[in-house]
Amino acid sequence: MTDNEFHIVVLIKPVPDMEKVRFDVEKGVVDRSSAPLEINPFDLNALEAAVQIKEKLGGEVTAVSMAPPAAESVLRDAIARGADRAVLLTDRRFAGADTLATSYALASAIRKLGRFNLIICGEKTVDGDTGQVGPEVAEMLGIPHIAYVTEIREVTKEKLLVVSELGAPYLMELKLPGLITVTKDVNKPRLPTLKDKLKARKAKVEVWSADDLADVADVSRFGFSGSPTQVVKVLVPPMKKRRSQIFKGEDAVDKLIEALEMEGLLR
Amino acid sequence: MREDIVEALKNIVGDDWVVNNPEAVKSYLEDETEPGVKVEPAPATDVVVVKPVNAQEVSEILKLANREGVPVYVRGGGTGLACGCVPSKPGVVISMERMKEIEIDKENLMAVVGAGVTLGELLKAAAKEGFFFPPHPGDEGAQIGGLIACNAVGARAVRTGPMRNYVLGLEVVLPTGEILRLGGRLVKDNTGAGKLMHLFIGTEGILGVITKAVLRLSPQYKATATMVVPFNDRRACLNTVPEILQSGIIPLGIEYVQKKEVELTAKRLGLEWPSKEGEYYLLIMLAEFNEDTLYAQLEEIASICRKNGSLEPLLAETPEEQTNILKIRSEIYPTLKPYMEDSPDITVPPANIGKLIEELEKLERKYDIYIPLFGHAADGNLHPVIPVKEGWTKEQYEKLRMEMYQIAVKLGGVTTGEHGVGEARKKYLKLNLSNEAIETLRKIKKVLETTPSH
Amino acid sequence: MVFAEQHNGKIHPVTFELLSKGRELADRKEVELSSVILGHQIREEAKELIYYGADKVFIFDHPTLKEFDSILYKQNIVSLIREEKPEIVLIGATHLGRSLAPRIAAALNTGLTADCIDLQLDEDGELIQVRPAFTGNILAYIKTKTKPVMTTVRYKVFKARERDPMRKGEIIEKEVKVVEDTGTKILGKIPREAVNISDAGVVVAGGRGLRRPDDLKMLEELASLLGGVVGVSRPLVDEGWASKDRQVGFSGNIVKPKLYVAVGISGSPQHLAGMKDSEIVVAINVDPSAPIFNVADYGVVGDLYEVIPKPIEKIKLRKMKL
């Protein structure tokens, strides 16, 4: 990569297929064997956005993940979908990370990669559903960010013109280097070709351990030890029961209105 | 509807489960049959809807109807395409929607389901326990009872065939009220019961009311993919299908769709058709137990396609991507519905699909008409659409329909491969069945309708 | 400390809900409840924060803060938190809140829990944050070992307390740190396009029970009174009464509003697939055995033409009084 090439980093989380995954209630953990890993659906939009920008400006797209070793196949999928390079952070010392420790590890990996112009993440992950990692990474790298981007209008090597949903849609400008998190509205990810899929099956995924980041990071801030939040208990909420109050007869409507008022729904 | 019959029905199922308010009855009068062949239902005021909860109640309803000489119409999800559930005469609609029992028998890889369970509910319950159920006729609101009575097929039947192949046991109520329990949690049953059971599958409910079934489940496949193969040439596209089958690979499904229709459908669904190339597509659904086998098959199929002039295939692997493609495929029919007079369900021997296309193209020229086309390519089953054409009379539509049917028959096929005969297409039955065969069906029905003398 | 989100000088209602919960936590811990608001010419509005339960309100008032800027907002809040050292910081889990909170948490190197639906105190007075995870299949109870404990809280899970204009409190004006160019800039607001019924908080949906296309207007009136939008079942789209973007169901839109009102919809599986995850379902149908009643919280068996006008009247009357 030469110095003036445009470099995009896409953060990708391998997640279980949420339709199939089962939860082990007794152990309080997700039964990882119950469903295969795939690219977090929102990250597909992030990757597609990156590839579209690369098609316009040239340069290189790097996919970065922090996940167990089995996630290599997910990163190969990212390569099939247009990433030029894939880095997997995998190490026991990354395990048990909350969003802060995850963001720290990812930000450290991006620092280690060296130059970057734009970082793109999905707005959230389907399993964690926090949407925190993107803005946290931006803060740790000291760059501006725009979250909930629903449309990318213009892109140059210096700045992005985007529409962001902040309660209402706003037209915003982001100076690069910067970070955006994108929603599902931003694009429709294309399907990879069989040829690209086959090629990616043989592609190499770079695997980095915690020690590989030691020169740019404080390894004690990785994983469980670097995580200030801890899950103390997990409950399976009781199945939502419908109230099933069906009114008949003359005063049925009055009863309905009364019930809705009790629920605070007629305000 | 006679007040005494409504009262008698209420005595059987309880007041809440008899519907005779005409406004409410309206929702139970129609199914999804194409406008051009739709059967006009009886007025809502002459129809009563009853919702039994078990076979015993169904039995009593049938006995009552028999006694009073009132026709009954069994209604499942109302997704049928042959007016099989439409009350064409004043009578009783038996809606199966309350028969919701569902048990996944993990040890035996089976499911025991009530007739009113929808396909969507079964798929979900099965997936939760790590199982899969291949038959997929499109609308997941279809109910199990209807799927069995109509021997539904759909998009994922190349490898394992129609609904019939999944039924291991049935609970059926005969027209005279006897409750039969046939087969069961058995993979094999060569007694009379197991054979008798098949009489009720695919006969569209004319011989009895299905109330419960034991179904075979398939384990969840570890590696699945849907390959979208674009072609610029229609015949090349369809002629590839028999070659794939002859290669020894049997996919879960091979579907044929065209650019115009899928793009229209995708737009309506707020989705995007994944391929920007080609005009004609094969959708090849594969399911294997490991990725290596899956990819070996994909490569083999792709090389057959390329040899026949295909463009570069696209590959959907994530559940969402695969679901979206299946959804677009499933929704072609409802999307085209406002523009269609009819959509014959013609089926020919799989190897004759190329010839079928040639004949349909001749019809397009002859009638100066665009015939949208989609279907289950590997089953030799296509759904050419007879579009609404300004100025055309009923006779003109009928003429085109008959020509399509005759082509199918000439090529060794039938007028319906999966949608069935129902009330809407009874008159075309003669094209497929000899008088003797029709008479034989009548005799069987007659026997089952005769109250036993004991 | 509660972050007060404002748009054009108007405080987002989630703020009042947070103040109410914050008040409860502060009273039990016997500490002060403070609030922070950033914006321009917001001194009047800041009093509202006291009326809704804050003891102290910190104001950052400056033209550059008129509109949201994640870096400017973060810098000023971070320095305030460093000075005031609140134990707990609550932020609404709105788009803005979820864009801002992580930046603050990362700057302070503290824990942040997203999108909580309940906050409790354990026996040691430590905050337990409850949030759904795995698409709501489980509830996780989370503790934070760093200070401040930071939490974003979902809108409309806590009830705001009554506004009390007699309530007294302290308003403290803070000096604003200004950065010339933060790298992001709002260039303008974009008018929202077509109805998006998937995101609507209230959906009033009509089905085959309606007699004429014009009758959808009646539903529109109810929907707008409830602050919602009109949806329809598939038959109405097929009939051409409504456009596809209004269709609720498997082949239309999947909706999960707080309130779903099904009017003259019997509840085919295809329809149920599109709305069964709604929080509260109200069904109005002439058919007591219609499947829609199986998924309803409240229902009326009756003629929709007699039922619907009544709540419309009732709400109108209420609005006139206010």
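Going in written order, the chains are labelled A, B and C, and every chain counts its residues from 1.
Note that a residue touches a chain if its C-beta (ideal position, glycine included) is under 8 Å from a C-beta of that chain, and two chains touch if they have at least 3 such contacts.
Since the structure is predicted, the reported quantities are computational estimates derived from the model, not experimental observations.
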Farthest chain relative to chain A (centres taken as mean CA coordinates)
B
By count of C-beta pairs in contact, the leading pair of chains
A-C
Could you give the separation in Å between the centres of chain B and chain C, each centre being the mean of its C-alpha atoms?
43
Any idea how many Å lie between the Cα centroids of chain A and chain C?
23
How many angstrom lie between the CA centroids of chain A and chain B, rounded to a whole number?
40
Per-residue overlap in chain C, given as positions that touch at least 2 other chains:
288
Chain A contact footprint on chain B (complex, rising order)
127-128, 130, 220, 222, 227-228, 271-272, 274-275, 291, 295, 298-299, 302, 312-321
Chain A - residues contacting chain C, complex
18, 21, 23, 30, 98-100, 103, 126-140, 143-148, 161, 163, 165-175, 178, 227-237, 242-248, 252-254, 256-257, 259-260, 263-266
Sort out for me which residues of chain C touch chain B in the complex.
208-209, 234, 238, 240, 244-245, 250-251, 266, 268-270, 273, 285-291, 303
Quick check: in the complex, which residue numbers of chain A touch chain B?
17, 19-20, 22, 34, 36, 38-39, 41, 44, 73, 77, 188, 190-195, 197-198, 201
Residue numbers on chain B that touch chain C, as the complex places them:
16-19, 21, 23-24, 26-27, 49, 51, 77-78, 97, 118, 120-121, 139-141, 268-270, 327, 331, 334, 337-338
